[in-house]
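Please read the structure below before turning to the comments.
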């Protein structure tokens, strides 16, 4: 940068990011993996677009009465992933995530397609003993193969479960027939929490006392989260959030939208429950700017990212 | 099809459709009537677009714990309707629907504009004695004429009512001044159902006991349906669903969107009430892919169609 | 209008229109007929949209070194045409055009679909003895019926020819097999004009000397016009211009775009040839704002309209 | 207009507007101010676009069982504001609003950007002693300067407060760090109203008894309105409604959308509370047709405008 | 298909396709390969979209005075290719193309991305001794690897050349620095053909007499084709046409548009030169409906496909 | 940047930019001025969008057989300009441009709206004695005021001329009536250059020998440039290129598109003439990504920018 051009804007990073690597606690990394999408591709453009629209938001969050400046966020840019190269791309994601954990940083991973969660969990499992995966999604992603492929956005949670990591899925509102047999024993329709369920925070002791063997909670994200919160509190937790857990009215920019999802208000209330949990990182995946309308999905993703970064910084 | 090309995909039909006409119970027919729209035309493209996006959904429905494969759906393609020819088009729809009823098939009719409901009801009235029409819509469609035309999407329910068919309308949130005089005696603001109104299924005996003289229920679709369910249970029922009963945020792709409608969740809960009813067919009309955004209206229409087909197959 | 609100803008009319009916020489009328389109409907929105974007142009034309103010244009608004009512709509167009001719006004008709040309020619034929129709289009529109309909945008020039009006068609680059038999004797591939063909104006005596029995000139609009100019000079001429004579890159907003058409430069050169002709009116049809991109078709239509109005005012 | 062309449509005004200035009670004025937007410009196109889409609605409102015809609305067109000229534009808005108040008319102001509210309040403050401003928005707009500018859409409510006008803000869900210090004492998280909060109308006596020193109510629009209604009832009230108070799913067409807002149903319920208030005028600002999708924001704005005009006419 | 529903439309195939496999001479196959695109993905949707819009064209071609009905086209549908599986997909394309050649059919291959050409050429090379590849494109596609991948749309012509197949490239207007060293010896700037270059057909004897060692002709497609026609006449020829050879104004729907390309008129004139050549098949690749505007790229692709099918059927 | 994250992509700068300020010869600066647009705003987004899409091009130019790497381009980012603040923004542009000239750098300025050219010329006039301005545009931009404003995109060339700088305008195809009186004496319709006009480079001696008093050349950009090249050769030249000099089919993303402009091929040929000129800087203005379609305008702007940077580096 020219020393004598003080009036120029710096290059685009995520809203409120610091330039101080040493002091940073949370590190944002873009992972534009976009290979196995079966319907509408384009998730490769999400990390950059989410950064760009993030400047339309404030750094300060009313939800947490706290600013991103306090979160010490470092934006490391995007991983270079060769188009069409699934294996090497997953290796690079795993290597990056593991390295960040070794540096004591929490990771905020912006996809890209959902398959990268498999790599991220592999990268974190060694660093965090007893890691639990929390999964918000419209789909269970538990096929055993998809059109003959084992590595796919549609098989990613099958792959995670096979690693022996406890897995709590919620918001699920669509299941493929071939998933059904495998997941039927795991299905839960959670009871609604007590009357004050809309309030933050959830008093931990009043929730159910699930064990850590995992479960698949249908539709109601908040009821599902309420049910599993006690189980989450004793372990390091990684959250994988597929943007299609939201209704397509709020998040049309995604590859396989599924009508009938949650609202932004429900997502933000759910995020408001996380500070009681040891959140060691998260990913936000399947945002597809190529099919977005008016950037509303990218903008919503940016706000969810802001709140999740703050949740990470608070635990 | 060339016998030695086993690797090619079949042509596009609706998700999960069977090739076995004999065993089919529900027959999907597209009726791309698109003549009398007063604002934004384009509904002629809906049947094909809904089929195309339907492959992004699963055949299995969590709502009914049942798959389209079990519904024995046959997709008969689209009716050939000459542009601008209202009368002959309506005759063809009527003839088709009557013939399907005579074959013992239930009809799933994808519009096209709403006027086709008049033809469909004429075609079914002879086959099903005591037929009742259930109507979900933002507008009452009960003008007596529209810009001098008697046959119009804006007069269709006036035409149906004139056939002497009992008519239950719900979700209505917009009325033209000229409709008001005629429908004022029919207006109902239904009481909310008891506390568990969100649960499926509705225990029939607890609902109100309407007679079969019809009614026009404002705004709250579920409360209206709850009120009329007892009346529906003793008769064959045809459902006409105008996609604009949904809020434009969920269904922007329609000719005359009306702000303030129901959510997909409410529609699916309403559909969940239908298996107790003898549903002999349905139409889904006024989807307009030409003004849709990101195909979200077509996709939502496809999911509603899936659930309504399953509801037909269960009764 | 409130007398004490001098700062408000006037309502939208076409660029440069006068409020003085008496002195006006050219009258612009919108005819939003939009019934028989076989592919993508939406032409009903064209007249208003063309007016709106026209304000982005200047009133002064470099082509004619003359301003719209000098043309004494009156903008009469749009005809009220009931959706779906073909016959009454055509009658209204005919009546309006005939009345304007009787008032000594030249008509600038903005469609709407092409079928309205049939009505306009009927309305003008009585007023102007020896009327000739000049037709610029990608398609010949000379089917005898279309999906069983006699009145259609695809049959309009067959209808005009049947009136006994000499018809010169040019720019045609697509023919239906069923048109071919009828029009084969009329096909012309015009020789290119002499070397200075790009210059304005065309010296009349040097062009070919066609009789007035009409003809169908393929593809090259300027060569075709050059060939027929002598025949046009002795008679009143009505020009019907279908926007799809232009390449879809310049005019994507139309119902049945046909790749490979003329450029705006060619159209403007062609219009530059018209002042030597007794142009008694024109229509510009098949602009469809609903499928336009960035209003570029409407804007090009507005500029063509400006130049054609000036051409009318010069003859 | 030509006397002998009785079949032409009148020029575009807002739905149901009267031509009788003398008898009119509410006057709609467009103020296409569009200068200081920091992100996506385009609000200058809103007044005209809202008028155009308003014809897709009915004049009759179910919410008030009353028609726009009864409201005696006059549509005065748009103010002529030179692009880039902030000061003169604000002066013109102020002058217009003051003049309308002097004529005994209530003003319905369609923006344009939010900064115009400052001019409108200046224009009304002299005419209505004790004026109170009610503000519905996603953002507090209380910065003291924005990128060195004092006059900005981001400072408008700071400017209003500095005039000494009591200011009640609600629906706020985003605050800039630099606003926080100033507004912390004003922050309120209102208790939910009693169980029947969804019903209309709110029985005034049961609400809280705020004084008229103003306040900033977070997020829940209805709860905030419920809390301040008693304070509003004794004074003339001007409502400033920023369309971004709605969730971007319902109103994507705006410059700085903020995920997580209210629904159309909540807005209409809030408007339903206003007839008990002496509403002397309102503005609806920040609609941006340039980034709208399928005109859904403009259409929603038109419906809100209809209901607010009716609310004005009822008080 | 139900025997008693004679009024339903057949499923979507390409315009004018026959159902008679035995008599067919040209077979259209969709190959929705969409894995290695480095910029904007979406070519997987092209085969189906091109079919759909093809019905907006006529079956009769003025260029060849011949109809598709005479070409005996069979539309075999799309190959099933697993997302992300490059190797197996290429094998399937090769197998399909080889099998069609063995059946004596000419292949019309609709991509999908350009990499499939490598598979098609492998499949045809055995069947047609002395095969020559003609390549129309904006880019040379002769990188040796792309981001570490050997199989890529950017390396495809390097792969073809390595097979030892003579390769004539034309229309090229963009070269990567890393391609330059390899292709410099092959660069040609062809002289313009004689004055009547715009006329069809090109008299063969007057053109240049290239040998069959291939060449890379810059920018001017017609001049390049003119130069190589003599070399093409003695051998079986496969044409690979990348849609981005056209200017983005005509074909915006493609992954890596390059400003400054040829016009549709030039393409059609080039196709008009092909009947003198033994054209044994062709592909049309890199159409991307996901980033198209108003389907104009798909429509242009459909028209080019029609003309190329006719060219195949004439040789 | 974290030292140990070597796998991340660098932040977005223009294609092929160097990080070495000292050695750089051409400096790219974004100037997102977007205040006085009278029609469709949005040019503020152009600099960033042009950078983003530039990566879809190659660094190597066939036109100059030279790569951007050889041009030693430094991308300094965007100037921070407060929305709505015309005067301070112009001062900042002037200051920046003057400073760059003082450092011996040539400036590549990406707008933003055209008004910034006034500031740039002021900044350069002191540094380069005898500076001449070359202006490519659809509009003359020579109004004396626009809606009462003196500083406007519509007055910018009037302001430049008033500085006493010789001004050569070409490509102009639209004039406002109020401009006409002032510019009539300057109007030129240049004779076509000799037969080889399409070839590069233009042999200087054969062109006309204009003096340096300026001129306004209508429509044909190449003929105009040919006529003024001799006059340009003895002086430092600044080029101001308004993207709307191109036809809207190629550059729809601009505020006031004017049908009938030049093609990309003509622009590139014109740029090919510049290396004989002492080009000391240029601007490319009025690109508006907000109304672009498929980024085609931004992409074309990026390619023109690449060629102009190379032209600067060659002189």
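Think of it as A, B, C, D, E and F in the order they're written, each chain with its own count starting at 1.
The criterion applied here is as follows: a residue touches a chain if its C-beta (ideal position, glycine included) is under 8 Å from a C-beta of that chain, and two chains touch if they have at least 3 such contacts.
Fair warning: this is a prediction, and the values are worked out from it, not measured in the lab.
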Chain whose mean Cα position lies farthest from subunit E: D
Chain whose mean Cα position lies farthest from subunit F: B
Computed distance of Cα centres, subunit E from subunit C, in Å: 37
Intercentroid distance (Cα basis), subunit E paired with subunit B, Å: 44
Centre-of-Cα separation between subunit C and subunit A, whole angstrom: 57
Set of subunit F residues in contact with two or more other chains: 80, 247, 249, 291, 293
For the subunit F and subunit C complex, residues of the former touching the latter: 39, 173-177, 180, 218-219, 247-249, 252-253, 256-260, 291-293
Parts of subunit D lying in touch with subunit F, wherever the complex brings them together: 34-38, 40-42, 44, 80, 82-86, 88, 146-149, 151-152, 290-291
In the complex, subunit C residues that touch subunit F: 56-60, 62, 67, 69, 247, 249-250, 263-265, 268, 293-294, 296, 299-300, 303
